[in-house]
Structures are given as structure tokens and as C-alpha cells.
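Take a look at these structures.
Heads up, the next two complexes both have chain A, just with different partners, chain B and then chain C.
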Partner chain A sequence: MDRLLATGIDLTTSTLVLALVSLGLAVVFGLVRVINMGHGAMLALGAYLAWSLTGAGWPFPLAVAGAAVGVAAVGFVFEYLVIRHFYGRLFDTLLISWGFYLVVTELIKVVWGSTLKSVPNPLPGSIAIGGAGIGRYEAVVCVISVLLLTAAGAVLYRTDVGLRVRAMIGNREMAQMLGVDAPRLYRGVFVAGSALAGLAGALIAPLFSIEPDLGTLWLVRAFFVVTVGGLGAIVGGTVVGSALIAGGTVVFSVFSPQVFAQTVVFALAVIALRARPTGLIGRTAVRA
Partner chain B sequence: MSTGFSRRALLKAGLAGASALAAPSLLTACAPKSTSTGSSSGPIKVGVLSPLSGAWTVYGKAHSAGFRLAVDEINAAGGTLGRRWEVVLADTKTEPQVVTEQANRLVREERVDFLAGTFSSAERNAAGPVATNADKLLLYPTFYEGQSQQYHPGVCNPNVFMFGPEPTEQVWPHLEYVVKKHGGKFFLIGSDYVWPRETNRLTKQKLTELGGSVVGEVYVPFNTPQYGAVIDQIRRARAQVVFLSLTGSDTVNFRRQLAASGAKKDLVVWTVDDEEAATTGVGPDATAGDYVSFDYFWSIDTPNNRKFRAAVTKKYPDVIMSTVGVAMYNAAHLAALAIEKAGSVGTDEVRRALEGLTFDGAPQGPVTMRALDHQAVLPSYLAQVRPGWTGPDDMFTVVHQVAKVEPATAQCETLPLAKS
Partner chain C sequence: MRRPGPETLLAVPVFVALFYVPYLISGYTVFILAQYMLYGVLALTLCLLWGLGGMVSFGQGAFFALGAYALGITVRELDSPWLGLLLAVVLGAGVAGAVGWFLFSANVRDSYFVLVTLALSTIVYVVANAQSGLTGGFNGMFVPRVSFGPLSLSGDLSMYYLAFAVTLASYVGARLVQASAFGRVLVSIRENEDRTQALGYPTALYKTAAFALSGAVAAVAGALYATDAGFVSPSLGGVLFSTTVVVWVAVGGRNSFLAALVGAIGISALSNALNSVVPEYWQLLLGVLFVLVIVFFRRGVVGSLLMVGERRHARR
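For the complex of A and B:
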């Protein structure tokens, strides 16, 4: 029973952390069709900003907010200078954002150096749940992840802004004729995606190693989450994709070696894609 | 654009990105072309292969700085055989194929007299054949898995000398101390490659002799971010000691998550990978009370180390010095002593002179190169991480030490190692 509970907790935390990390990517790709390879660098930048700000004496929550704003600002500049000229050109944006990744990663090395950094855990200690336990800070990160996913869903499906975004995705010309300011909306989405990346990077900073290549650890997993989950199904797809990639590893490693578990999960992801090329819940949700 | 198409495109992009990440960057370590022909006049040229970019950059600085510091000292004392030393530095980018390219370049174009460096076992194994073909020596600094004929010519190679500790030097001397203090139920976790597997095999062997037992053994693929499942396994196994041979960012991620999970109140951590630089990355809150074992620590209080620390602080103030950098430092000094003794930089002469040679000035205490199998006889230290440390200066307290540890005999076909 304890074992089941512990596995359940791991499954939940792994899934929610991965969902948090992938959400920015899912938003940008799902809504404005930009394959943002820069997502990895934005995660790293968020973590470094959190490191600098906490180092400068900011309280942790404020540092996280600062990191999100900082990365959003970088995303804004990048969008304004470059990305906005390339919407609708999938491979161009892929290459450009890959360039962005390389440049930002090198700049991080210049500014912060390549030594490993660490952000102190803002909430040490753990909470006992039955015979199992969960770190207090991990629990907070999970709650924030749930809140963000809920908020993203609410904005998309319950607000006027969400309606415009969906209208624009459904038929850009028609939406523009009806008075939707598409360029502004696109920019808003890209900046929101950047802010989410910065926020995620800062939030996971106390749990992970902070290094310039931090993003590489997550980028491939996040891509799998977005593709497996299903495009257009931004919230549901992210959750389902994360559950398969992160949760699957947890479940398989209960009765097989860790190396094997990760391989099986990626193989399953490929099979899932072959069987349902639009993603596990891609069709049932709003079409992007 | 159809959804199906863009999904595939995205997946492809992700995979392309992944492989691009693995590709070497365009930066190359440049060194001026030299006219030296490796003859008996002009400077003594050494090709140093350091991981200056890529996954092990963190260790690369100490790695090259240790060697350069020794060369500066050698040159300040007038060089060797009246000849100055010249270092040609090459970036291995932590990739075996780059090691092969760079080692070949150093030997053919730069015409270096011998090679020093490489970091991981895979890098060393890539440099081994180059050293053999060119008949140059390779001085290897890293703590490693020991020598076994199957990895020849990376090991069991008469041209390769090991200056770092192998598992029976790094782990065995302290097992009894840890078992007595914390219990014998060990949970082994390591990265999935040869060094952790060999280290764990040998640890298990000695642990069983001491009456302890292994309650779990897990190998993790490189670049795994999340460790919830493993931490859960550790709890269930009721481990008393978590014995750690994860590397790079994986060790940092695991240790931070282990600490955050609260599981550490029931166990201690013993790592054989996390020297000063990696411990800095994990941070004080997630390392307090953990054990680390190596042949060298920045905190060792000996006259040699005091001198060494002062020199490092003066010349390379932003380098976090560690066991690997010190092994490079010792390698240069032992090579200088050997060249002096041989009266030549010829490969056979220097090899013979190095065998059995002792360097008394080593920061950790006297280091001897064993003639039989080219492994270093070294001191071994077990240190504990101090709570609330602020940097390498106050990071470790040595709790157990052995002044001189003979490594296990190499598992090579022919010993003593000799040119066939």
C-alpha cells in the first residue's frame, strides 16, 4: 500500500514538473506554430536569473517573478526583431530559434561562466503522506504547475482573449477581418510562452543543476510531451504527454532497470505517434 | 498546414536539435604552428588534451590549470635538461572522436614530445591508439575504473600512465570506517557506463567481506533530470548508505532532489565523483554531512598543499582546483623528474625512468608511479562536507585517511607492462 502510494506520488510529481517545463513550448507551438528551439535556453536563462536575484538578496518568490519577467522581455525583443517576420514558416523559425538557443547559451557562459551554480532550497523539509513522503518545495512546485495549467486552460477557453486567439488560429484572415489584431496577439502568445519558460526555469532551479546547457536536459523530453500529447490540445496534451513520458518512466522503473524504463517510454512514445499521428488527445480537443 | 505534418515536423525538429546539441561547437583551441621537430633541441613540447567545452567543462579548468602551473614552476626553475617546456593546449570538447582528431594533430602537426590529459575513460580509450601508433606517452589524470585487458589500448598500454586513483584506492580504505559508523546496507547508484559499474563491482566485493550488503543497485542513463522513482526505491530498501557514482549534472540533480525529498534524515550519502567543483554545483544545503573520497582535497592541511594552494590562488584565482587538476600537476612534475633522470625525452627512456619514480612535492603527499602496471601509489582521504560551507576553502573536513595505498594489480595480459 505504501509502495503504491509512493509510486503514485512520484508519478504525480514527475508528471507535473515535466508539464511545467513543457507548457511554454506547448503554448508557442500550439498557438502560433513556432517550433521554439530557444525554449531550452529560456529555461536556463530563467534559472540563472533566479540564481542572480536570490544571490542579490531577493526573496525567492520575487526572484521567480523577476526571472519570468526577464525572460519574457528577452522573448519580446527576439519576437519583435526576428520572429514576427517569419510566422507561418515552420523550418525558418526552427533554424532561427536554434540560432537563438546557441547565442543565448554562449551569452550565459560569458555572463555567468560555466561553473555549476545552485539556488538554495527555499522550503527545506518534507511532508509525510502515509508511509511515503514528498519534499515541501517539490509539493509547492506541483501545486504551481497545476495552477498554471488550469490558468492556461481558463484563459484559452473562458476568456475573450482566448476566444480571439482561437479564432485567429482557426482562420487568421477571417479573424482579422472581424477586427482581431493578429500581430499583437501573436506577439502576446510568444511573450507568454517565454515568460512560462522563464518561470519554469526559475521554479525548478532549486531542484536541479544550474549550468549553461540546462535546457538540453529538457528540450527533447518537452518535444516528446508536445508531440505525443497532441497539438492544439495545449493543456490536456501537455498533461497527457507528461504523464506518458515522465510518469511512464516512474511506473516502468518499479519493475525494470532505470535505463530500460527510459528506453521503453521513448519507444512507447514513438508507437503512440505511429498509431495516433495527431497525438493521444489531439483530435478530441479544439483544433489548432 | 495539416496537423499531422506539423507534428512530425516538430518531432523531427526535436531529434535534429538533440543531435545538433551533441555535435561539437565550432570553436577550436588554436595554437600557433611550430617548427619544432621533437628533436633534442628547442623547447620540450607537451600536448595537453583538456575538456574545455562540452559536458565536463566544469572539470576542464582545473585539469589544464594544474598542468600549466607545474610547467610554469618547471620553467621558472630553468626547464628540464636546460630546455624550456611549451604546452600546446587542445580542447577535447569531452568527445572521444575529437580526442582522436586532436591527439593526432598534436602528434603530427605540433610534433609534441608526449601527451597529457583526456578526462573520461572513453576519451582516454580514444587517445590510447594514437599514443601507441605515434609511440608517444600519455599521462592520464582522472580517477578511473582500473585496468582490464578488454579496454586495451586505452589501458594495459605501456605508453599510458595513470595518475589518478582506481576504486580499490578511492573506496576500499574507507569502507570499514563508514560501515562501522553508519551500517552496512548500501544502495549503489551510478551513471550507466564502465567507471560506475566497475567501482560498484569492487565496492560490493569488499563490502560483502566486511559483512555489509547491497540493498539496491541502479544505473541511470546520462542526462536524466528526474529521480523520484530512484529516491522511492532507496527509501523502500531502507538503505543506510547511498553510494554515489553519478557524474556531471546528473549527480547534482540527484543530490538536490534527494535532499529536497527529506529522505536524507535516515541515511548518509557517500560520493566518489563529486570533488570541489561538483559539490559547489550541488550547493551547501543539499550536501551537508555527505562523504566524499579522493586522493586529494583542497582542504588537506599539509605543507605541500599549503604551498600548492598559494600558487593556485595567485595564478588561477577563479579555478576550483580538484583531484584531477592535482593529478595533472603531479604528472608534469613526475615527467620532468623522469626526463631529467633519463637525460632524454625519448619515449622508451622516459617510460623506463618514470617507472618506480616518486614525486615528494605532490600536494596530497608523496606519489609513486608503480613500475609493474603504471598505476600511481597514492594517499586516500575520506572527507565530510561541512554544513553551511561557503566555498572550497571551508567545504570538507577530512575524517579518515591512509597515507599510502597500493592500487589493485591491473588485469592485463602481460605484466609488467612492456612494449611488444
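For the complex of A and C:
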């Protein structure tokens, strides 16, 4: 029973952490149709900024906010210089943002070096739930993940800005004729996605060791979350995709080694992708 | 008879120069250049997919690593390099063919194909790390210099000329594919897959065949790399190495096999030379160069030079 409870907790935390990491990618991919390979580097940058800021004596929540702002600023510059010229050219955005990934990863190595770093856990200790337990900090990260997902949904479906964004995605020309400032909205969405990536990177920093390439594996997993869940279904798709990718890994690793579980889940994700190219709960087909 | 184009005119001096390198320089250069030529073969396999067929694979390193481990493990367990080479070809073609058919037959293309190839290289990396009994895990495995029949590769010179021969054969082979009916269908798929399909070509089959061919050749290059370098580690299959191949081909030039080959050899040589001087800044520069090439020179550095030659060629 306790084992089952522990697995359940593991399932929930893995799902919510992965959803947190994937949300920025889902926002950018789903709304402005940019395949942001740079998302991985943005995660790493967020983690490093959090490391530096906490090291400089900032309280952890402030450091996380600082990391989000910092990565958002980098995203803004990248959007302004490069990405805005490539909206609508999905495949080119993939290659260009891979270039961004390379440049930012190398910059991280120049600034912070390649040695492993770690951010001390800001909330040590754990909470007992029945016979099992959950780290206090993990619990907080899960709550933040839920709040962010809810907020993303609320902004998109309950506010004026969200309405404009949805109008712009539905029919860009028509929305522009009705007075929507599309270039500004595109930029806003891209910067918001970058901020979410920085935030996620900073929040997961105390949970894993930090290295310049830490975003690579997360990037692959986040991509599967977004494509398996379904493009355009930002909140629902991210949750369903995360539950399948993270949850699948947890379930399989009950019977088999962790690495094997990860491999099996990737293979299953590829099969899901083939069977339903629009994602499990996506509606519109996207020709990549 | 048709006059040779600028690519052929440039290819001849490149290969002649590569042939004479060991006459002029010896020692480390000969040792390391053999590896770079095998990297060049790997770049050719991506160029076949990307330049001809318009399919970008972020997983060529996976096939390279498969070939390297196939040779290394077969030589260790059965002491047979021929069998190792055969296994590399079968694995490379088999995995690429199976994955390719699975995806292409369901019309999975472009970005989703990139995603799956990215996952492929992640899987190879993770599995190679985990199966330490077979692959040596994170620490990698040592592979001796083998002999293929009477050809012993123990000397750097024989290794160099084997790598040279394989590179030349791959290049000529790639050019022949390009000129063949098969190659023209691939170009047609790149330009407009739906129309090609409407004309009655089974495009999924063509793409699968191209992917299997590129997987097999990449695995052979990997197998030879294993015995050449003497060491195989999981990072060969990793995302970083796989995407390095993309950088070579993009910066060299995706539309020309020679450009891709020169890109791979040139960037590897420059990386080696500059890594000891300015390690971080060189990789940074390479990243910036990659962005510039994607944004401004879609033909790449060498490809743009060839383009100038082509214009003059056409004017005459």
C-alpha cells in the first residue's frame, strides 16, 4: 500500500515537474508556431542565473524571478533580431533556434565554466503522507506548476489579451484588420514562453545538478510532451502529454531500470505520434 | 561529352591533396585526418538526406555509434572484423529502414521526423551508457586496430588510405545517386512531396530507401572510426555529436556533397587547432556562424563559393 502511495506521489511530482518544464515550449510552439530548440538552453540559463543570484545572497524566490526576467530579456533580443523574420516558416525556426541553443550553451560555458554546480535546496525536509513522503520543496514546485498551468489557461481563455492571441492564431490577417497588433503579440508570446523557460529552469535547479547541457534531455522530453499532448491545446495538451511521458517512465521503472523505462516511453511516444499526428487531444492538424 | 561542373573541378584537387597529405606530413596529422575523413563520410550521409531529399536528421550520430559498437563488440567477442562490418551495415540499414518506414508510411515528415531522430540519438546514448556489460558504459570501450584480410590497419598510413578510399567511394557513390533516377525522385520529393506522390511515385518507399542507405553508410563510417580511434564512447551517439554533423553540413553547404565533406573535415580540423588556443570562443563562433548560415547563406560557406563558380560556368 505504501509502495503504491509512493509511486502515486512520484507519478504526480514527475508529471507536474515535466509540465512546468514543457509549458514555455508549448506556449511558443502552440501559439506562434515556432519550434524553439533554444528552449533547452533557456532552461539551462535559468538554472545558472538562479545559481548566481542565490550565490550573491538573493533570497530564493527573488532569484527565481530574476532568472525568469533575465531569460525573458534574452528571448526578447533573440525574437527582435532573428525570430520575427521567420514566423510562418516552421522548419527554419527549428534550425535557427538550434543555432541559438549552440550559442547560448557556449556562452554559459564561457561565463560559468563546465563544472557541475548545485543550488542548495531552499526548503529542506519532507512532508509525510500516510506511509510515504514528499520533499517540501518538491511539493512547492508542484503547486507552482499547477498555478502556472491554471494561470496560462486563464490568460488565454478569460482575458482580452488571450482573446487577441487566439484571434491572431485563428486568422492573422483578419485579426490585424480588426486592429490586433500582431507583431507585438507574437513578440509578447515568445517572450512569455522564454520567461516560463527561465522560471522552470530556476525552479528545477535545486532538484538536479546543473551543467551547461542540462537542457538537452529535457528538450527532447518536452517536445514529446507537446507533440503527443497536442499542439494548440496549451494547458490540456501539456498536462496529458506530461502525464504520459513522465507517468509512463515512472510506471515502467517500477518493473525495469530507469533508463530502459525512458527508452520504452520514447518509443511509445513515437508510436503515438504516428497514430495521431495532431496529438492526443489536439484538434487542428499542423503541417510542420 | 558534358564539361565537368565546378563541383567536380574542385573535387579533383581536394581528393588529390588528401591523397598526398601523408607524403608531405606525417605523425599526428595523418592519424587525425583519417578520423576527419570518416566524419566527412558521416556528413555525406546527412547531405544525401538533407541536400537531396530535404529530410533533416538529428540522429546521424546514432548510426555512427551503432556501427562503432557493432565492430567493437564483434571484434572483442568473436574476433572477426568482417562480421563486425557486416553487422554494422545490417544494423545501420535495419534501424534506419525500420524507423524510416514506420514514420514515412504514416506521412510523418519534417519537424516530426527531426524530433524522432533526436529521440533516436538520445536512446542510443542512454542505452550505450546503461548497458555497461556490453559497451563499457560511460567509460567507453577500447577497440584494437583490426585487419581486413591481408590489409592490416595497425599502421596509421594503411588506416589513412583505407579512410581515404572509403571517403572517395562514398563521395563518388553520392554523386552517382544524385545523378540517378532515384536521386532525381528524391529531389522531386524535396521540392514537392505531394505532387511527386500524385505522379505515382511511392514517396514513402523512396524516403525509406534513402534513410536506410544513409544509416548503413554512417554505420560503416562509425565502424571504421572505432578501429581507427581505438576508443568508442556513448557520446558518439549523443545529441551533441549528432547535431555537430548538422552544423558541418549546414556551414559547409547542404546542396553540394563536396561542400558537406569539406565542411566536416575543415570544421573538425579548425576545432582541433583552435580548441587548444581559444576553446570556448571557437565553439561560440561556430554557433554564430551556424545561425548566420541558416539566416543568410542557405548554401553554406563552401556551397556559396561553388555557386559563384556555377554562375561563371553557366555563362561560358
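To be clear about the criterion, the second predicted complex is superposed on the first by the 281 of 288 C-alpha atoms of A that agree within 3 Å, B and C clash if a C-alpha of one lies under 4 Å from a C-alpha of the other, contacts with A are read in each partner's own complex, and residues count from 1 in each chain.
To be clear about the criterion, a residue touches a chain if its C-beta (ideal position, glycine included) is under 8 Å from a C-beta of that chain, and two chains touch if they have at least 3 such contacts.
Small disclaimer: the values here were computed from a predicted structure and weren't measured.
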Overlaying the two complexes on chain A, which is it for chain B and chain C: clash or fit?
clash
So in the superposed three-chain picture, is A:Gly99 touching just chain B, just chain C, both, or none of them (first/second/both/neither)?
second
Is A:Phe224 in contact with chain B, with chain C, with both, or with neither (first, second, both, neither)?
both
Give one of first, second, both or neither to describe whether A:Val250 is in contact with chain B, with chain C, with both, or with none.
first
Looking at chain A, does chain C or chain B touch more of its residues?
B
Does the superposition put A:Phe91 against chain B (first), chain C (second), both, or neither?
both
Per the contact definition in the header, classify A:Pro277: touching chain B only (first), chain C only (second), both, or neither.
both
Thinking of the overlay built on chain A, is A:Phe266 touched by chain B (first), by chain C (second), by both, or by neither?
second
Superposition on A: which chain C stretch among 41-49, 239-247, 257-265 or 293-301 collides with chain B?
239-247
Residue overlap on chain A between the chain B contact set and the chain C contact set?
35, 90-91, 94, 98, 213, 216-217, 220, 223-224, 227, 257, 259, 262, 273, 277, 288
Which chain C residues qualify as touching chain A in the complex?
56, 102-103, 106-112, 114-116, 118-119, 122-123, 126-127, 129-130, 239-240, 243, 246-247, 250, 280-281, 283-284, 286-288, 290-291, 294-295
Under the stated contact criterion, what part of chain A meets chain B in this complex?
3, 6-7, 9-10, 13-14, 17-18, 29, 33, 35, 37, 90-91, 94, 98, 101, 113-121, 124-126, 132-138, 206-211, 213-214, 216-221, 223-224, 226-227, 231-232, 246, 249-250, 253-254, 257-259, 261-262, 273, 277-279, 282, 287-288
Which chain A residues qualify as touching chain C in the complex?
35, 82, 85, 90-92, 94-96, 98-100, 102-103, 105-107, 109-110, 213, 216-217, 220, 223-224, 227, 257, 259-260, 262-263, 266-267, 269-270, 273-275, 277, 288
Residues of chain B touching chain A in the complex:
1, 3-4, 6-11, 13-15, 17-18, 20-21, 55, 57-58, 61, 192, 218-221, 223-226, 228-233, 235-236, 249, 252-253, 256-257, 259-263, 277-278, 280-286, 318, 320
